[in-house]
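Each chain gets a letter, A, B, C and D, in the order it is written, and its residues are counted from 1.
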């Protein structure tokens, strides 16, 4: 069953020198209970895409497209209506280690607040619920009375997860949830998130610059480049058989200690300026396989198989 | 070279701020008025040229005061005192404050501890009463005001310059320069100073504003020079002669408007500069 | 094999400092505690560990950007912990650093030309006339443009990768032989990372450099380094040939780190045994005995009492663990 | 709370007081000329006042004896005898005036903080808009206008022209009140203009401070979290953002209490309000040095109390603070 459908979404930021086309025509579906990864480099629009779904864009706006959650058009709602969607239907996990929790309120208070704003739960019941949530993320419930700065980075991130689950949302958007954590802590948080996601059958959109993490925690991954989708696929297919040169480059730049030691290759140059993106395929100035057509026409996304789509002229023309 | 580019860019951004442009124009106008006072003022600023308490007329644009002195002429000449005090006192404060801030921030250690302790005390001591006590002993006059303001005014700037120096000093690019083998003097001249002078300039402008306000305030309390009147002194006389009980609004309003206009102009310029220079370093 | 760098019982202690009311920073001891190792000429020596393990402090001490509390460092036989200022300045020509953050490590007010030429000015080598030539030559070495337009730019106008190349150029222009790179690619985008890494490897072979490569990514260390030292709370817990440390990690901490790295291909088995005790605690003082024992799955009683020394187990492979010996 | 912090706090307070004492001691003695004359800066005194000064300060004794005597006297709360109100002690007169000043300053501060808070929050919420820039321009202009002049204008407009408020004093002299309430009403009527002037002239500082901190706070991650939680704007603004942004404002309020009591010199002078400020003005005019010095010392003491109060407030407002 499709939970979320995004159709030709465009989110632009306005600056003094023009529009930054951070998300420029993105379409995808998300199934109920699915974990979808959103990968790409800084500035590719993956976070903007995530925040667009929650209508939390600062200094910019969604200029076109359609977002439907369970068939409800999210972009057409008034602010008041949408406030009921937030956290009840879609909640957010951002980098708690970097200050996503308010420093002057206790952990419990912040979870209780989320409950109280949306439901008519009694305060004592809300506190019980908060403690129960903390237990679910393997934090001692007595920690509810601690302030964020009294917890370690990993614990804060787990408390954030607990808060995100408070109202049984349909969808959780997790924006770089483990980036600021040490590798070992990262494993724990990610494993916990994945386990809870499966247990509660909640959908999740996991945003990360680290492909290897998405490989472990997602069912499907979207690779974004310069505001557009380059490739979408099931993790097994996408990681084993990447079709887009950009995906290939990302995978090749990853130092894999398990496999054979082959030289790390990346791409020349840097990600483009989205004020004035390149013509045609946006990767063409950096692409090792670029041809004339890549400069001129923009590639359309085509389905290679039922669970694998790619936007590249090379694939389009049969390699 | 980038210097020229930077100046052009600076002017472009500065022009976007209407208040800052306004402030600049006002300051220039007042400055010209002060310099060319004898050509602008229609009457003597000291001797009576009409009947006392004469309301505004063609002859006396802003009327006269209790001894028949033309208020407009008085006002024009007073700009000299206010601007002189503003600039001289601010210069003194800026020189003392930035030197102490630079020394303290860059060398650290015992010297820093010592200087900052003194700075802290000066900052905490109630400024206005301290200035009043000192000025009362020294006797009224322009130089008294300049002196007392310099004595208490430097501490804020010293602290700001110091913290700016510290943040630049601990920045990665200074560390990188050290790794190259750069000496202290090289680091101060080519990295710290260029990144600190913006703060100093913006603050210097603000200091001018504060000095003008302090001058006005102390003069109003009767600590200004009664012969070479400033706007504050004018208001002092208006106050002790009970100008509002006589309904002579033309004696009260103009000097205050001048002080407010001039000091807010400096404030506008200073705020704009602060934002501009602040952005440069804060950006990343 | 010629030893270019020798570190003997190097130690750094920071006092636990709680600053005034308005500065809310607290400092813990990020100590380096009696660390000893050699670096061979022409190799890349990796130092790996989680944040707070002391690897950056160690790196800074290697170049004497940080004064050690005790211990000695020899560069080509000369003790650099006791040289005077002038001598140190001369040494700096030979040993250089590449910084982690390409954004903050370049003075935002300087042009590219001035940034790259700064080392020449500081050391007053190369006459004015040929300076520009030298700058262009070095820029070409790190694959950057040498046009006038590019030389006149300021760092803000460059991408992260280009900035990091400027950082490398600054390190190389004086003819350094020994370079400490502190997480040189951790702030760069994935597709750019590989380019900088391979440039560094390429430069090493072309001009015969010796690197100390500091990173928190053990995978990256595997790819770039000849030997690896794993640090935990200020101590080296394992040291050896990169291939051997990665393939046959002996210390439980190294094993933990290895297991924590997500593999490239999706793998359900990943991180299966990593338990609750995984997270690095913040210590005001390191625990007694083996510093890792509170988190160690194999810890036994003696581990909480005796601090293990680094011991050579097989040829060139050292480990500090009572259980592994 | 650590004893180290307490110690540091106390020593710095003591140091400030000590500095104030040294300044008070040194200024009159640093002037050239006849000791008594320079001590009074040549003000004509009666013979008995003159003799009283020599004896009181022991001007014929060595410097260290003078200082010891001065030091002990100050600690005892003995700031000497007023020249103007001779032979009344300085302390008595100051203590009579202080409550009146506190009345207007504290009331004005409550208004300033409230106005500053709401305008600051509103401006920060709409940072960069026309609304924001108008508020900033108004604030800067008001802040740069000399406070005594604002007072004069208020007095002229609301007192003299419109006759809404009395022209000066703290209550109507010679009036007999039917009850306490009528007296209080009269007091409030007299205090209204001074309070309004002070509140109007100095709200800007709080506004600017609140706005600037709030602009920074609004960029924090936890604000995004708060919005994502589906809270109304009011809750995000006041419960989450402003709660964090008000800390610097609180600090400033503590420091500014003394600054404003100092600033009351101007207000009270214009409104002939018999508080400490008016006392200072009269002392300047009559060259009543013991009184001026007494006031200066009193202010130094108030500063220290103010900062300590703020420190304690912080403990409640910011859980991250541990002394």
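General remarks:
We adopt the following convention: contacts are C-beta pairs under 8 Å (C-beta built on N, C-alpha and C of every residue); 3 or more make two chains touch, one makes a residue touch a chain.
Given the structure is predicted, the values throughout are model-derived calculations rather than measurements.
Placing every chain at the mean of its C-alpha atoms, the farthest one from chain C is found to be D. Of the two chain pairs examined here, A-C and A-D, it is A-C that is joined by more C-beta pairs in contact. With centres taken as mean Cα positions, chain C sits 32 Å from chain A. Distance between chain centres (mean CA atoms), chain A to chain B: 52 Å.
Chain centres here are Cα averages; for chain C and chain D they lie 54 Å apart. Chain A makes touch with chain C in their complex at residues 41-42, 138, 152-155, 182-188, 190-191, 209-213, 215-216, 235-236, 239-240, 246, 249-259, 261, 263-271, 286. Those residues of chain A that touch chain D in the shared complex are 51, 54, 56, 82-88, 91-92, 94-95, 98-104, 113-114, 117-118, 147, 149. The part of chain C that touches chain B in the complex is made up of residues 63, 65, 88-90, 92-93, 96-97, 99, 101, 103-109, 111, 118-119, 121-123, 152, 154, 156, 167, 170, 174.
Interface residues of chain D, counted against chain B in their complex, comprise 12, 15-16, 19-20, 23-24, 27-28, 31, 41, 133, 136-137, 140-141, 143-150, 152-153, 155-156, 159-160, 167, 258-259, 262-263, 265-266, 269-270, 280-281, 283-285, 287, 289, 292-293, 295-296, 299-300, 302-304, 307. Chain contact summary for the complex, chain B toward chain D: residues 19, 117, 120-121, 124-130, 132-134, 136-137, 139, 209, 213, 216-217, 220-223, 232, 235, 238-239, 243-245, 247, 249, 252-253, 255-256, 259-260, 263-264, 266-268, 271.
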